[in-house]
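Chain IDs A, B and C follow the sequence of writing; residue 1 opens each chain.
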């Protein structure tokens, strides 16, 4: 593969697919692509955070915060204010949660973030006067409700997320983040401002998850708490990023495409209840067969062609907690 | 505030805590020995619950025996799972391990949904013990049973780990698997042992679940999330700590659920908020110790 | 007497009831190689951790180049010009030698400061004998190479003070001689070096001064010949009644 093509490919793919689907104007493909893009944004957001060693099970929290923020701000202050509010509220929430969980190690961090998102769901249901409670809420409609423009907007968000992920994989950030993950004292002893870096990753992750949530809520202009504060929105990004290939930009993207496609197939084949069983089976099969994710597998194939790596041992080393 | 209502709430919560602790201790054991977070643990509980439920409703089998059967069944299933794919996962990256057990969990939950549907079932079992009356407080007999069995399970596990030869080997394997292997311990066998014991406790706990809670495919997920919280509160590696963690979580849940209007589902969320805060102050849980290498 | 670049005043580091450092006061001279020795558990690593900011001192003051660094964050201490190595650096397996060495170059204060000719990650890697292994990922390095990498990483911080935590452990004789020469070159460039060590031949051939710790307390401080002949020091290491 040409050296310049690989980094640009994700952007071309996103733009190309979006353009094609918008032109074709078939509702099924539009909705499918919207779903893929939203999931991909979440997966990228999760991966950005996990590069600093913060393995989150709380993406759903920010997803829901995004939805509810537009719902609460839009009627009062208009669309621009609503979307700005999403960014600000998610940033603040990320800073708070990030500081609270700063010293937590892997499993505890995951539990704490999971707990945070579960509490939010309950708290939202508990204050119906403010949040509409179990009855739901009306987020700001995205792009006037027109599906093709919604897809364009969401694709735009995905492009931003992709670019952010790529920036965080450049020389300035990638090694520093990995060092924080492996042994944060080592990073600090190399001059890396660990706390600031971790919080920054948290903020970016939270903002993108929130924006994805706001877009999701804006698809139909109505959601109930269970739609967005659902642990599925926490588990799927994790699964997709890992299966697609962690620590990359292409991995979460590819994973989102492949897994959402599989999910749709399974839904068609098995029906509404229990179709996710295929999901579970696929995850297990992937972990056994492709331990470095789809991207790892693809890279291996490409390497074999170009004989790049002198060491055939491609087994990933253990990431210590 | 009526003290007897507080008392009733707390004592009932205590009985449920016995169940929670039994579930959490299996998780703690598995994590302590294999360093793996078994997200599918709750699903073994759920399967155990269904087994006990079916045995009772179709064959009239006493739920205590049903729980024992569930325990053995889940022990066997765990053995199968370990030998077919889990042992391979243990050599993988941490993230792949999390994903693998998550995948297993999703697989089992959805299989259950397909087989038995999402509806909740109730096992109308007779009281195994007469209700306990303390003044104005009444504890249903079956609650007392789950408390006793739950605590026995946890105590049994602690005894096993501290006083038996296999327990010692398990602790060796958990402390430093590489070193243990060099001293001749069959580490793989020890990992398998911890997993099947975990499965056994999950199965028995499932039987207890059928006794006092609704039986449905998602009951395991609900419970295992609480189990994680308990493990975090009590501190990883401390099986006994899970008793205290369970008591705290259950009490918090029940108190909020009883005394806050409309707080029925609050308890869950408030309890979790508590955990986030506890972990913020004590990052290793209330009784956690520095993790061994 | 050369100026003191590290001043430790009555520092206590306590973990619960245990005092890893019990009111230690000592100064380390500028542009000298000071050896930090003592039996296991005497507090050597704790002292280094306290100076470099990994562990906060419970009481007392630590000054580096006159600046009070007692409760400073370790990344800020790096900016002031103090770098350290770790006994067990856990490098991310997928990063290359060059990527690791580049991190302090980006976040620290620049390598060229005290070691002229070292500007890029490649320069620093080459200086530490890893020139040909620049693009190799950490998971494919030998233990010795990882040791060199850790030194390179610390040097890339551009330090005027370098703390080395048992860098010789497990090295072959030939490798340890190379590393010792590296340390001497670093000193020649004006850097102050503090080295935790167990190997006697390294201590005697390398160190200008010796600090001996025992049970968290300062036992002796002075030139190697004097300190090593001290009875109390011998007793701490070898036990009472051992005649050499």
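Basically, a contact is a pair of C-beta atoms (placed from the backbone, for glycine too) under 8 Å apart; a residue touches a chain by one contact, two chains touch by 3 or more.
Remember, it's a predicted structure, so these values are computed and weren't measured experimentally.
Peer 1: Hey, what chains does chain A share as contacts with chain C?
Peer 2: Correct list: empty, since no chain touches both.
Peer 1: Closest chain to the protein's overall Cα mean, using per-chain Cα means, please.
Peer 2: A
Peer 1: From the centre of chain C, which other chain's Cα mean sits the farthest off?
Peer 2: The chain farthest from chain C, judged by C-alpha centres, is B.
Peer 1: Round to the nearest whole Å and give the separation of the Cα centres of chain A and chain C.
Peer 2: Spacing between the chain centres: roughly 42 Å.
Peer 1: Averaging over Cα atoms per chain, report the distance between chain B and chain C in Å.
Peer 2: Taking the mean C-alpha position of each chain, the two centres sit 47 Å apart.
Peer 1: In angstrom, rounded to a whole number, how far apart do the mean CA points of chain A and chain B lie?
Peer 2: Result: the chain centres lie 30 Å from each other.
Peer 1: Residues of chain A that contact two or more other chains, please.
Peer 2: 316, 319
Peer 1: Going by the contact rule at the top, pick out the chain C residues touching chain A in the complex.
Peer 2: 52-54, 73-75, 78-79, 83-84, 86, 89-95, 99-100, 102-104, 106-109, 138-140, 153-154, 156-157
Peer 1: Under the stated contact criterion, what part of chain B meets chain A in this complex?
Peer 2: Residue list for chain B touching chain A: 31, 37, 85, 88-89, 92-96, 98-100, 102-111, 113-114, 117-118, 225, 228-229, 231-232, 236, 262-263, 265-266, 268-270, 272-273, 275-277, 279-280, 283-285, 291.
Peer 1: Applying the document's contact rule, which stretches of chain A touch chain C when the two form their complex?
Peer 2: Touching chain C: residues 171-172, 174-176, 178-179, 181-183, 185-194, 247, 311, 313, 316-317, 319-320 of chain A.
Peer 1: Sort out for me which residues of chain A touch chain B in the complex.
Peer 2: 50, 55, 100-101, 103-108, 110-112, 114-116, 118-123, 125-126, 235, 238-239, 242-243, 246, 270, 273-277, 279-284, 287-288, 291, 316, 318-319, 321
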